[in-house]
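Heads up, the thing below is written out as structure tokens.
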Amino acid sequence: MATVTLNRAEKTYANGFKALHGIDLEIGDGEFTVLVGPSGCGKSTLLRMIAGLEGISSGEIKIDDRVVNNVAPADRDIAMVFQNYALYPHMTNYANMAYGLKNRGYSKVEIDTRVRDAAKILQLDDYLERKPQQLSGGQRQRVAMGRAIVREPKVFLFDEPLSNLDAKLRVDMRLEIKNLQQRLGITSVYVTHDQVEAMTLADRLIVMNAGIAEQIGTPIEIYEKPASLFVASFIGSPSMNFLDGKVADDKSYVVLGDGSKIDLDHVIDAGRDLVVGVRPEHFTLKADGSGALKARVRMIESLGAETLIYLEFGKKNENVTLRMQGTHQFDKGQELSLATSANLVHLFDKDSGKRL
Amino acid sequence: MKRVQFGHSPVPYFFIAPQILIIAIFFLWPAAQAVYQSFLLEDAFGLSSQFVWFRNFEDVLASGAWLQSAIFTAVFSFLVAFISIAISLFLAVRADEVIRGAKSYKTLLMWGYAVAPPVAGLLGNMLFNPLMGDLYKLFNSFGFEFNHIQNAGDAAFVVTLIAVWKQVSVNFIFFLSGLQGIPKSVTEAATLDCKSAERRFWTITFPLLAPTTFFLMVINLTYAFFETFGIIDVSTKGSPGGSTATLVYKVYVDGFLGADMGGSSAQSVLLMIMVSVLTVFQFRFIERKVHY
Amino acid sequence: MYQSKWRTITNHLILIIGSLFMILPVWIALVSSTHTREYLFQHGLQFWFGGHFIENYGAILFDSAATKGRVTALEMLFNSMVLGLGFAIGKVIISMMAAYAIVYFRFRLAVPLFWVIFATLLLPLEVRIVPSYEVVTNLGLLNTYTGLILPLIASATGTFFFRQFYRSVPDELLEAARLDGAGPLRFFIDILVPLSVTMIAAIFIIMFVVGWNQYLWPLLMTTDDQLYTIVIGIKQVYNSLYEGGQIPQFPKAFALTIMATIPPVLVVVIFQRMFVKGLVETEK
């Protein structure tokens, strides 16, 4: 049983910078929660506060109903995997994994069992007697995970563990981490700036921006119903298309920059300025020209399984991206006719960015 | 060496000439002289000299005074090195941890390097002065019967204390630099793995500082051998009875004040050999161990 | 990062005690130098200022009788300055040039000359003082600034420092310079030297302090009072402290130590960052 709860957690640094503005969070037992957001959004700060490496300015952190605000990191029953592994260079990999247990007074037998079990799971059996410097990046990260696993803690914390690995390794390790967590069932909090990692690993996702949790939900919830402009633009690659628009007087459609009309399926005040969001895969190409939007092709990227078409729209040359399955060819400057349906359209308030 | 170099140019000769010239005149020549004179025996008036092979060396090595000085130098050096390193390491670890006032503490602890050895010697001498020294009074008030003018052990204590005081700054700077070389994430991981700060120090920090520590041991030993001349000359002057004279000080006393050229030259040569060994040791051992 | 309250408190306590350990001796000297010798004789060393600062310092700065010689502290300070600056400047220039020759050129004597320079590390001045004194006397350089400064420059520390720095300068720089038509002199003056400015500053500071604090060598080869550095002046005062059966001149002795200490300490503290950088790089 290990839940993590944050009540109005805030962090202000000595120089006055407020990194976190009142975060409320409930992480259930065994849940894999991912904190995602751009650099400087506060996700690492939040993770380190849970770990106890940063103090909390106000609010509460609870691990399993126990307030841990002033509890030493080593006493919180948590384990952490760092971005640059943070292995002890002067110790063997075995000693690295055993260190935490040794300090807590576990017996030699118990330590040996745990280390070897973890080594087996992580395929490190042959590397135990070597030192970290003799291992590759991926292997070192596994040792770092082994160090966390042997502790059998209440919570696992991951601070961008895959950022220092090359792209292919990242994909492989991502799967390994997911499998591991499901197998061990330990509550995990994972920080990343990579939204693909976030989407694939998370049971629940927290999108952060400038010290605030903009949205909390499952990856699909967040993808399908982003709560704000920021979330909509951050999650999903290529990013969602955003077009300026104004609600028509009869409230049945939105008028875009060049006069095109998008139908509305719920009620909004007439004359209101807003931003219309449509995901690249939610446009359909109308060969007969009957689509609501007309846009000119600027560039095409053929990825094999799909094609990304970058277009310009309207008098202000707003950017529109279209995603189509398979391979397609178009001429530069060619005008395409795009259609979408009201239920796939996202509407955001122009000033606050909040979902309407 | 560099991959890319200039070839066929007179420039390097001109550039290296000044240094070589100075070295030739003021180093090689005197060093050769010292070696040469160590094989000579001058008469009392310095008018004639006799080539006596190794007799000077035999005399020096057989003399109780030299042995006493050698022992004192050895013990003194190790004590100064060890104590000074311990104190500065202790301070450096704490200085690395504090946030508020960190800069001030660092400034307050590192300026000692700029103090001249004779100044340190004088300050120490004053503090232990029988007439008005605070430390003198302090020790005597504890019933120690402290008397560094007559008691060899007390004199050695004073000289050691002064040398340690002066050396703390340099060691502090190096340890601080070494501590800052340890990646922050490693320290944080240790915080998660180990609650006790003491334990963390001995199992993680200290092993990672080993190269710095080795390096400083050699630096400190060299310092104690040579740079303590000023301290001794302005405090105990080797008294009582030559018991606080390091080998370097003895060379000065015998050669300059005592005009025993042969003997002091022989001592110089012996010192040369010792230092060469130390320096070679430093380069070999330290170069190998400096980085993981 | 996390730190228990107790740890923070003990840290500060320890650092304060450490700082006091370093500062107190100098503080006592400073403070005691502002009292009269009678007062010190009666009450021991002081912890707070007396009222005789101007009197005592004025006396030694301007009146040579106070230092039992024919030279005032002001003149001695001047000598120290000449020694410090001369030594630092000489060291920097000569080492830079020698290091440049060693690192950037292939010439026949390069390797043996390098080892000659290296050998100077094996034998510090203290080990060859007597013959050095003879050499200087024979050259007629006794009691001259030249004789004071030159022999001290004959050591390899600065050269190794610059050698290490030059080795870290990317080769591409030289290659680009050559393509631009720069010969060895141009490269040195236009490119290498400007690049080295911070290093030069760092080592200059250290060498200045080392030069200012020289003791053994000036002690031996300046018999003329006019050439005494302030550090030597301290030795003279120390020697004459108990002369004449009067109350010892402690305050003046302290005043001299303070004046000998302030300039190098100021340099080290004001240029702290550069100093530390130079120190850590030199000794490697």
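Structural remarks
Per-chain numbering from 1; labels A, B and C assigned in written order.
Convention: contacts are C-beta pairs under 8 Å (C-beta built on N, C-alpha and C of every residue); 3 or more make two chains touch, one makes a residue touch a chain.
If you're wondering where the values come from, they're calculated on a predicted model, not measured in any experiment.
By number of C-beta pairs in contact, B-C leads over the other of B-C and A-C. When every chain is reduced to the mean of its CA atoms, the largest separation from chain C belongs to A.
Note: centroid distance chain A to chain C, computed from Cα atoms, is 58 Å.
Chain geometry summary: the mean Cα position of chain B and that of chain C are 16 Å apart.
Of all residues in chain A, those that touch two or more other chains are 53, 72-73. Residues of chain B found to touch two or more other chains are 188, 191.
Counting partners per residue, chain C has 1-2, 4 as the residues that reach two or more other chains. Interface residues of chain A, counted against chain C in their complex, comprise 52-55, 72-73. Those residues of chain C that touch chain B in the complex are listed here as 1-4, 7-8, 10-12, 14-15, 18-19, 21-23, 25-26, 28-29, 32, 40-41, 43-45, 93-95, 97-98, 100-107, 109-110, 113, 116-117, 120-124, 126-136, 139, 150-151, 153-155, 159, 166-167, 171, 174-175, 183-185, 209, 212-213, 215-216, 219-220, 231, 234-235, 238, 248, 250, 253-254, 257, 260-261, 264-265, 267-269, 272, 275-276, 279-280, 283-284. Taken in their complex, chain B has these residues touching chain C: 1-7, 9, 11-13, 15-16, 18-20, 22-23, 25-31, 33-34, 37, 87, 90-91, 94-95, 97-98, 101, 105-120, 122-127, 131-134, 137, 165, 168-170, 173-174, 177, 184, 187-188, 191, 197, 215, 219, 226, 229-230, 233-234, 248, 251-252, 255-256, 261, 264-265, 268, 271-272, 275-276, 279-280, 290. Across the interface of their complex, chain A is touched by residues 99, 183, 185-186, 188-196, 199, 203-204, 207-208, 210, 292 of chain B. Per the touch definition, chain C reaches chain A in the complex via residues 1-2, 4.
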